[in-house]
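What follows is a single structure, and I will ask about it in a moment.
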Amino acid sequence: ACGGSGGGTTASEAPSSAGASSEAPKSALKVGLAFDVGGRGDKSFNDAAYVGLEKAKTDLGAEIKDLSPSSDGSNRGELLRQLADAGYNPVIGVGFLYDNDIKTVAAEYPEIQFAVVDSLSSGPNVTGLQFAEEQGSYLAGVVAANKAKNGHVGFVGGVEMDLIKKFEAGFVAGVKSVKKDAKIDVAYISADPAIGFKAPDKGKVAADKMFQDGAEIVYHAAGDSGTGVFQAAAAAGKKAIGVDSDQRETIKDAKLQPVIMTSMLKRVDVGVFEFVKAFQGGAKGGNNVVYDLKVDGVGLATTGGEIDDLKDKLDAAKKDIVDGKITVPSKP
Amino acid sequence: MSADTLATAKPAVELEGITKRFPGVVANHDIRITVEPGTVHAIVGENGAGKSTLMKILYGMQKPDEGTIKVNGAEVSFRTPSDAIGVGIGMVHQHFMLADNFTVLENIILGAEPKNVGFLDISAARRRITDLAGAHGLRVDPDRRVEDLGVGDRQRVEILKVLYRGARILILDEPTAVLVPQEVEELFQNLRELKSEGLTVIFISHKLDEVLDIADAITVIRRGTTVASVSPSEVTARRLAELMVGSELPTPETRESTVTEKVAVRVSHLTMDAEGHRTVLPKGVSAEGYAGTLRAEGRRLLLDDVSFDIHEGEILGVAGVEGNGQSELIEAIMGLRPAIGGIELNGADISSWSTLRRRESGIGYVPEDRHRQGLLLEGSLWENRVLGHQTRRPSKSGIFINRRAAKADTERIVKDYDVRTPGIDTLALALSGGNQQKLIVGREMSGEPKFLIAAHPTRGVDVGAQAAIWDHLRNARAAGLAVLLISADLDELIGLSDTLRVIYRGRLVAGLDPSDVTPEQLGGYMTGAIAGTEET
Amino acid sequence: MTRLSKYHLALIGFAVLILLMSLIRIVTGYDDITSSGTFAAALGLAVPIGLAGLGGLWAERAGVVNIGLEGMMVLGTWFAGWAGYQWGFMAALLAGLIAGALGGLLHAIATVSFGVDHIISGVAINLLGPGITRFLSETFYKEGTSAAAAGAGLTTSPGMSSQAPEASLPLLSSGPDLLGMLENTHIFLLSDLAGILRGLTHDVNVLVIVAVLMLPLTFFVLWYTAFGLRLRSAGENPWAAESLGVNVLRIKYVAVVISGAFAGLGGVFLVFITSKYVEGQTTGRGFIGLAAMIFGNWRPGGLAAGAALFGYADGLQQRNSGAVTSFFLFGAVLLLIYIGVKMRGMLGSNQPAELVTRASREYTLMAGAAVGAVVLVWLWLTVDKLPNEFVFITPHVLTLLVLLVASQNLRMPAADGVRYRRGEQH
Amino acid sequence: MPAGLYRALLTFAGAVAAIVLAIAISSVAIIAAGASPGDAFAAFFNFGATDRTLATGLAAMINRAVPLFIAGLAVAVGFRMNLFNIGVEGQYRLAAICAAYVGTVFVGPSWLQITVIILVAMVVGGLYALIPALMKTGRGVSEVISTIMLNFIAINIASFLVRGPFAGQRAEGQLANTTQTLPQSAWFPNLNWIFGAFGLPAPRGGGLWGFLLVAVVLGVVLWVVLERTRFGFDIKASGLNATAAVASGVNAKKMVISAMVLSGAIAGLIGLPEILGDKHAFNSGFTPGLGYLGIAVALLGRNKPVGIAIAALLFGFLDRAQGPLQIAGLPSSVIVIMQGTIVLLVVIANEITGRIAVRREERYAARQLGRNTPVEVGA
């Protein structure tokens, strides 16, 4: 099914239309998307982007193409160019690691619109799709603080880097907003993305420790390593909070689902779809679009109904943030 | 002895028309040998004649291209050594086939392990080995590590390995090459005993006296073919040699002395501690005193206060059973192993110099083991010519290797030393052992060395090449070269040396005059049977 | 030194180690140094390393260097995930084992039959492993497949349909959990021992038990059976073995295939922990297993110690990044002990030569050790928390340090890594 | 036919056979994945429709090959003397971040600044390689193990440096860690004029990296060093027979140290083409893994500069097809499978052809000398 919908036409059509594609009419909307390392099917970040892309296909009738980089990510720039040359417009890069490449490539193809997820606009034809992870994490913190009777919670980050620190900062702020004296354990798994997001066993070790020390709820932003956090929670009979997508849905393991109290949603799909839609509507780049609580670009999943009782508190917190009464820090 | 049974018994081994070809070489061609049971049957022939190949065929390690093998009258066809072992054949190889890190016991039982519900039955094995060793007078400690054993012990382990498998036919491929006369005599005693028990022995040696001594029958192989079967009572060593090569045996006789007054090399109080790493003496301590202290402490010394002079034009022969410090001595002189004491070359103290500097200052080195220390087997001949001469003309020019000059000089060596090769770009591994050795000798003699260390310069080299190498040594000596000769071949030592020393447990125990010493006497010193006295 | 005293020495060393750990726990206040949680984590982290190390041991004892363990482990993870989601944990175990063994077979074909340099073939397999698994994911887990519906993606398999059971010691580490109670008393030495024991016996995955049993089993097979003797002979002197009728080629094949199977099993273990395949989850453990084996002098016991050291350091840093600073204190204490032992030795010996020849070298060493100890104590006193990047590398640095101290006494099989061809003396 | 030429031809034939076989195996995989190998191989040669895309594709391929070539050289220096520097990975990362940092601190005329950056990279790489060298010569620690450990350590140190001491200014909301962007004076001029010479338009992006020239010079120099100098001879001798080399006066420890440091110094350059030619900073997106790939490239190229160049270009060619393969709806991981099988098969082919060549040489030698031609002995 990989590219099955668009593949047939692309192969014959792309080369001939390559040069003239910049002025493609709206009826021939062709959206290209380049994933971050890991590629489509990672059940996470990249897949969320793909959901948005597919929505663009069904809802907007776009022809879509998605490419995954090589495992070392050395060909991000090439993928963007290959998409641009094949007549795709707009072209989206998923992940902040694209910021450099989008910048150069966008300059080479001024007639094409680009978007980069998790980073800033770097040119008149580049839209930065940013997400207020700290705001969503703040709500996760509110949940954790309210649910943890003893006021002891934890956070497991996959890789020690700024993106993940945004999650940590928001979460800590959220917890503190409810319980000033809460105990918050923080652990990171690695400095190397090749390890940190892919070591569920280490995620489990870190979370085990927190649960053993008395934490009741642990929030993770650790990619695949998060599975280990859920396992630790299940083993300890405690709870965990998922990240990015509604993990109570996407984690198919029946034993783990009940421990996932909620998930902090990062609606990359919304970001991607809205960007394509705006493009179709004639929008041009050069600006950053922040997907925050206001536009429901981040939020909490309610599957399982475990946080339904906190609805009022969460709505209040959300309102405060949206209204600007609370500014959530993005650095710990 | 078993003469009356001979008439009725079938031959122990019958080889009929054996032919074996290797790429480009016919190692064996239509070989016919009949070995009577209960005898010692010797096989002689020059290097590369095909003796080892034939034995490997008989032991199932190689498959013959043609021909039949009969053992005790029945035709056999071996795929692996286990088939041969199965019909009672055992082989002691030309080179030791022992795992150094294993115990004697483990080496012996390997492949024929006694088992007790799936596990090794070590105690049964130990009992069996002790019994066997006692019965045949082959004393060894089954629990010692092979790496700690001397050559004589290793040889015994090899024979025990064969007997342990209940072999009735023993193949011994040059078992005496590394033994001194006393050990040889001991071995022969064992062989005679085995023979009296009805075992059959096939025996290979280049030492024709030994062959005449032990063999009941002799087969001569030349260029892969059996050329004669003789009885030892009918031939002399000289006649045998002629059968082997079709020419006269060369001798290493050399009597007219060229020794000068000038000391070329002076080694004083050379001492090497088995565990020590230090190469520099503490202040105020002499090497001699240091050796004494270490000895008093009960340290194992590989070299113990070794001192000697070699004059220009002199060949100093060092005799000794392998493992008594010869290797350490030459490696210390070459700077390959740290030792304490003085080494002077033409008056300059070189004991703290690097190997490279020593070589540059005019030391040539023919190593013991040419494959390990002497050659780049996968390198061409001219590259091998450069080896050890990287920093000297004609091989170098500035930081570069002067390929043209190196090649030209290789051509010279090939010509002067009669290295049989299709060309100087040939890889060294394509040459026969003797030709490899000639190349090494030629290389080490180039650049007019002042001092040559020659360790076993003719080991495994056939008679023709042997003579050539001896000639070169003699000529260089006449031109003033000082030579330190180490050899297991006592005839070579006695014949070539101007002065003889015996090394025993790291000490020089005797100085002998080669003109009036016999191999037997020499062997007595070498094994410690005759207590050493410093003469000369 | 006799066998017995060596054994006793090891025991004494072990006791001293626990005593030291207990002391340091008290001094620093980091309970995690001997907590059951740390030891449970250490066990879990050590097992895949140990299994990879066993793989290395089997191959290298037969004379084949296997640097391709990582690639074989990767194959093991993928197939364990693939079989696990369909048929449960037993199938996962078998599939991972077989996949690793097939990787081993490839290595055997290249090195044993074709005489390819062992390192080279291993590197190629490390390249192939991830390539093949990615390709398999692209093929079997693509959108629209039933696997994808069950949660598979390019980088993960669906969850396993059944989990491997876990076991605990009755009474002691489960139920009343006596050890756990003892551990929480924080009594010097007693609670430490309880913590260690409990960590190693509480909720232990069956595969852990299997893996641990593999160590003595390997030891017995390799050192006390005919097959083991033959296998080791192939690593010490294959030509001798061949001349005694041992089928060296077959032995090497068997050894390398078993080696791959162990690596595959290491991969299975990772999948068991995760309950699914995750791309890249081996994170270099094949290499570390190899290091553990060298560290352990090509012996099962030593290899276990190497894996344990790495697992412990990794577990501790993962659980409590602050506790890592107590390694400074630990190192300082070890250096002081070293100095003490040396001093005694020097004062006790009145042999002049010993003094004359060794003294200056010894003094330099001791002075170095003293300076090191001071620096370490200073670091321990001043450094409150290391940057995480320096915490993460704790196990690697420790391994390097121990290798630096121990390496000169290591002895690898004599014919390890040597090309062997039938009928050809080298 | 001269032996050397024969060996070369045989090697070449072996490599070709191995590649053909690898293609066949990959085809089976592609078919198993339900796709057509024909389409796949078309994708490999699909460089787009225009001259511009052709030039861009070629540049991408060569740009990929440049660091791989340098990595291969770095690895090969050690491999030639059986010294397995698996640590190229760590050496180049550490060197790259230090060089990128120094490039922002030290600003001077373009030529001087670039020279300084190159030197810093080489020094850092060489020094980091000195650690395993000293551990080996001093304490006998196997370099395979120590370099693997040091890789983990280097990756962490690099990530600490780029996050902390060497971090540059960032816009609010920019998440990638990065050093300060290099001033223009440190940008290596590109070689796009080469395309002009062939009548092609300039490729897009950073164009053809000018560092290619440095790599070519490096390759030539290294060839001379390895094949023509005494040092190269000592390396070769140590690799062929270490004990014989020592007996011939080669200082084994010195060789280990100098070969390792040289290898590390070359490794230091691996990251520079990308930094000087394209990214102009060391950031989170810096390409990892080139050290490990370098091992494969060196093996494929038989540790010889020319072979390594060919191998690097082959890898570059294969890697470039990542995009086209996916655009054609084919599994792009077939590339990695191809790379792996090619390496394994080429190595096996080397082994076989090498044996054939030796056999032939022996036969030839034997025939020349008439050794052991059977003598007829009258019965």
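We just call them A, B, C and D in the order they show up, numbering each chain from 1.
Please note the rule applied: a residue touches a chain if its C-beta (ideal position, glycine included) is under 8 Å from a C-beta of that chain, and two chains touch if they have at least 3 such contacts.
Which chain is which protein? Per UniProt: B = ABC transporter ATP-binding protein; C, D = ABC transporter permease.
What you see is a predicted model, and the numbers here were worked out from it, not measured in a lab.
Student: Determine, using the mean of C-alpha atoms as each chain's centre, which chain is farthest from chain C (ABC transporter permease).
Tutor: Result for max centroid distance from chain C (ABC transporter permease) is chain B.
Student: Between A-D and B-C, flag the pair that has more C-beta pairs in contact.
Tutor: Of A-D and B-C, more C-beta pairs in contact link A-D.
Student: How far is the middle of chain A from the middle of chain C (ABC transporter permease), if each middle is the mean of its Cα atoms, in Å?
Tutor: Computed from C-alpha means, the inter-chain centre distance equals 36 Å.
Student: Please work out the Cα centroid separation of chain B and chain C (ABC transporter permease), and write it as a whole number of Å.
Tutor: From the centre of chain B to the centre of chain C (ABC transporter permease) is 44 Å.
Student: How many angstrom between the C-alpha centroids of chain D (ABC transporter permease) and chain C (ABC transporter permease)?
Tutor: The separation of the two C-alpha centroids amounts to 31 Å.
Student: Which positions in chain A touch two or more other chains at once?
Tutor: 2, 68, 71, 160, 191-192, 194 - these are the residues of chain A that touch more than one other chain.
Student: Can you list the chain B residues in contact with two or more other chains?
Tutor: If we look for residues of chain B contacting two or more partner chains, we find none.
Student: Could you list which residues of chain D (ABC transporter permease) touch at least two other chains?
Tutor: Only 156, 159-160, 163, 331-332, 335-336 qualify.
Student: All pairs of touching chains?
Tutor: Pairs of chains that touch one another: A-C, A-D, B-C, B-D, C-D.
Student: Give every residue of chain D (ABC transporter permease) touching chain A within the complex, in rising order.
Tutor: 48-50, 52-53, 56, 60, 64, 155-156, 159-160, 163, 171, 173-177, 204-206, 278-279, 281, 283-285, 287-290, 319-320, 322-324, 326-329, 331-332, 335-336
Student: Give the list of chain C (ABC transporter permease) residues in touch with chain B in this complex.
Tutor: That would be residues 220, 224-226, 229-230, 232-233, 236-237, 239-247, 351-354, 356-357, 360-361, 411, 413-414, 423, 425 of chain C (ABC transporter permease).
Student: Which of the residues in chain B come into contact with chain D (ABC transporter permease) in the complex?
Tutor: Contact set of chain B toward chain D (ABC transporter permease): 22-27, 29-30, 48, 50, 222-227, 334, 336, 354-360, 365, 367, 372-379, 383, 386-388, 390-391, 396, 399-401, 403, 420-423, 425-427, 429-432.
Student: Under the stated contact criterion, what part of chain D (ABC transporter permease) meets chain C (ABC transporter permease) in this complex?
Tutor: Residue positions touching the partner: 29, 32-34, 84, 135, 139-142, 144-146, 148-150, 152-153, 156-157, 159-160, 163-164, 292, 295-296, 299, 331-337, 339-341, 343-344, 347-348, 351-352, 355.
Student: Which residues of chain C (ABC transporter permease) touch chain A in their complex?
Tutor: Counting only chain C (ABC transporter permease), the residues touching chain A are 32, 35, 37, 40-41, 44-45, 130, 134, 137-138, 141-144, 148, 150-156, 158-159, 163, 203, 270, 273-276, 278-281, 283-284, 314-315, 318-321, 388-389, 392.
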